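Dumping the structure here so I can ask a few things about it.
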């Protein structure tokens, strides 16, 4: 194994905090909770219930009772951390590092606790008021449109992912093949007209709660088939976008697509259909690791194709409104991954710079090794905390240098990208929208 | 630098507008004072500093000594202008000091004092009225931090707004 | 810190009071903004609505929060009363009941296209009378001979212009 | 690079980031001198600026009196620059001041290669050009810096009579001969009534003066020594006092009187501060440089009287000053700047502990003085001196209010107190 100071040091939170004093404590906790996980105590869970922050899934025939869940919680600066599990069994769904944090009541207030020491006060994010309501057809609204972190409405528009069908899933992916909202999809997995009607109704009802949502995220499994690459998938997005145009009454819909890599004319087509942002995620920059981690993307239609798709889309969506995501840590997964975190940093930051120069916003997430994924089966683990600190700083510096902020994927509308949290201090300097725009002076 | 925009001149000469000067101490901690006497004086903004041993007096000296920026904000209702500049001069004698002192005495009586008159050289003058800021920000970044229930986004909200 | 003084509370409660929040800009300067929504909460903290998430003022306040530093609040009434509060930003929120109350308030005052980025909650650390009379009295007491000699309390009326 | 030029200033700026450029320039202009170019000379002959030569401490012949002459220089931050012009000292490569586009511009040297900054001059006091009821030009009775009115009560120093004048001093000479100008050319006595009227006149200009400062040549007549001088000051201060309701911001620079004499001064007049200058702290050098003060008072008594004065005027209201640089005068002065600094800091510690405000000025080898051919120490010496004095005073909770940038303008260490 090549020499790696990051692996050798294996810095914990306190050591990382001392080594990187300018790195905000709350964002460092966000990274550390993502790596170690958080178990909520019964007392804190009750408090969360009182504050309307716990989602109790309605029982479904023939399905095991769902567990209560939370949509993360905030630190005092509104940095969000997720990975809060209600019990050991739920906690075991993912491979974690070290010992988990607990979320507990301390003197009547909710605190994140590390080894018995309260370290950061935490605040729950209440569920939106539309949860529990139903469409005219009787579909639970949250089955149609899930409320992600506080400001984002999430919409799944395909009940399948072709990669799983062809047994070539991305190796970190633990999405179950079938999506929620039964009855809204055809045999082929495409939205039915009822499904579309449910979407229109659910979004309109969700937005009756003022001051809650600032954007939508529409995602789906990948479907490369059709006359043109990903023709079927594009067609579904267009159908949904046209439905949403009716809801908003405007040509442009405040939604971004987390979708496959469309050819230039196809990304232009969904932009024309109203999408405001587009995210064809490359996931891994290193060519060899890309092939190994994302075999279906390699097959349909290769790394260069996925890179060029994002770059070409900037023309239609505007600088800063196209993002590509890196699953940070996946590029290290054995046996074909990069040898050391240092090598991984160099490679992934090279990719981030490449995209930023072309107006595509690079974003990263912490590798999530969840049951159901191949990495879980192979017992892969995420690299140490220090790798993520240096990666987040690197991404933030690249975005700062290129005056890029991810309007569609910021700390509030996605809340899983640490560089977006760091980027809050640069928010007023970014130039997004049409190329060549001067920074917003306000 | 300064050729002051017309709207700014109107706002700053309006006796009911609020004029504020923001500085920092040696640790960078912020400080603000309301300066009713602030006015345009040729190419500069001028205001009186009443108290010698005041925080803002010390911080203004620090700004002219060590080239630290000073911000002036002129606001009335939702009209607001932000000026970023540097301290150009501290007057402790001369006609301008005399004029500001006499105005201070006309306002507060014959025992009024006035430590100095400060001149600010504007580097940036921006209209930061609420609506101007909103449009400028949202023109450049239409997708950032805008709640979807706003009239400019949500059809239904717009219909409600039309009825209201 | 003990609860704010009556003078500060009265000024905060008075809609005619100018409520100014100023944050350091990290480059040696500072930026002042009027925040009419600033109010005293039951728990003794101060809170105000930040209209724009991506504004420089918001970034500056976050930078203070991350650095554990304080901002400054100036309350200035038309009748000359003025009060200065040193306050540390303790929390920023863009969801939940407190945020919703500011959001509805802005909606009511500015119409259906109003916008609130988030709400800052601050803890008052220090307060002082910033009114002209108080400051002049302090200076006159501290430095009795630091004044123009033609002031009326030094020179009888006859000798002055 | 040469001592005090712009390159040197930039170097000192980098080395001492807590000392602003304005204060460095104040020292440098005092050090290298300033020359006015023709446009600047023309501009200061304008009524708003023309002070004419200051007649309070020196004799000027008819010719000199006609010449336009600026008041103290003012930097943009309000710092005063008591620069020496070439009539008072000899300068090899002075800074120059030109006048362009309605502004006075300071250049690094005669080639005008580098613009240093925009400067200004203290506006001419409104009382200039007026006469007292006895017909005296008021500018011959008192001059004024930005906020300080300067009065000379007696225009002859009797230490000169026996050749025991302070060796740096050129008061009451004509800057040609090393002697006091004759009574006929330059009358010694100044009438109290003329002073009263001149003070009353300055008060008519709003915000023009914040302090009345008075000094004179030493007159040791009377028993005990200086009694006549003290009575003269009391008489004048009482006349001045008729302009005021009570005590007024004022400073008397005079020898270190006895406690009884100070009490008399304090109780019978509106005087608020006194300034018995020690000029140089080292005992051996005091005897050499200030022989008159040594003979008529003696260093130990001078120091004790100064400390005792605090009981009369209060902490922070007794000042004493050193002429920075004379302590290194040849042949008897200190051999190294470090030794000289140590001596001054020791003095500052001593005085500060006793509530006396210890300040410094920059020595200038004036024509007609014994030290006319002495060299100054390095400019950096003065930078180190003023930083040290400010820090020691701050440690003892003392501020030089009555000698600060407004009430005096001659002490760079006091200028540093303008920021917290």
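Labels for the chains are A, B, C and D, by order of writing; each one numbers its residues from 1.
The criterion applied here is as follows: contacts are C-beta pairs under 8 Å (C-beta built on N, C-alpha and C of every residue); 3 or more make two chains touch, one makes a residue touch a chain.
Keep in mind it's a predicted model, so treat the numbers as computed, not measured.
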Winner on C-beta contact pairs when A-B is weighed against B-D: A-B
Computed distance of Cα centres, subunit D from subunit B, in Å: 40
Chain centre separation (subunit A, subunit D; CA means) in Å: 72
CA centroid of subunit B to CA centroid of subunit C, Å: 15
Residue numbers of subunit B (touch at least two other chains): 52, 66, 101, 114, 133, 137, 141, 144-147, 157-158
For subunit C, residues that touch 2 or more chains besides their own: 52-55, 103, 116, 143, 146-148, 153, 160
Two or more partner chains touched - positions in subunit A: 210-212, 405, 412, 427, 430, 440, 442
Chain-chain contacts as defined at top: A-B, A-C, B-C, B-D, C-D
Complex contact set, residues of subunit B against subunit A: 126, 128, 132-133, 136-137, 139-149, 153-158
In the complex, subunit B residues that touch subunit D: 25-26, 52, 55, 58-59, 61-62, 64-66, 87-95, 97-98, 101-102, 105, 114, 116
Sites on subunit C touched by subunit A in the complex: 52-56, 58-59, 62-63, 65-66, 90-97, 99-100, 103-104, 107, 116, 118
Residue numbers on subunit C that touch subunit D, as the complex places them: 143, 145-150, 153-156, 159-161
Complex contacts: residues of subunit C adjacent to subunit B: 18, 20, 22-34, 51-55, 69-72, 74, 76, 82, 86, 103, 110-117, 130, 132, 135-136, 139, 142-143, 146-148, 151-153, 157, 160
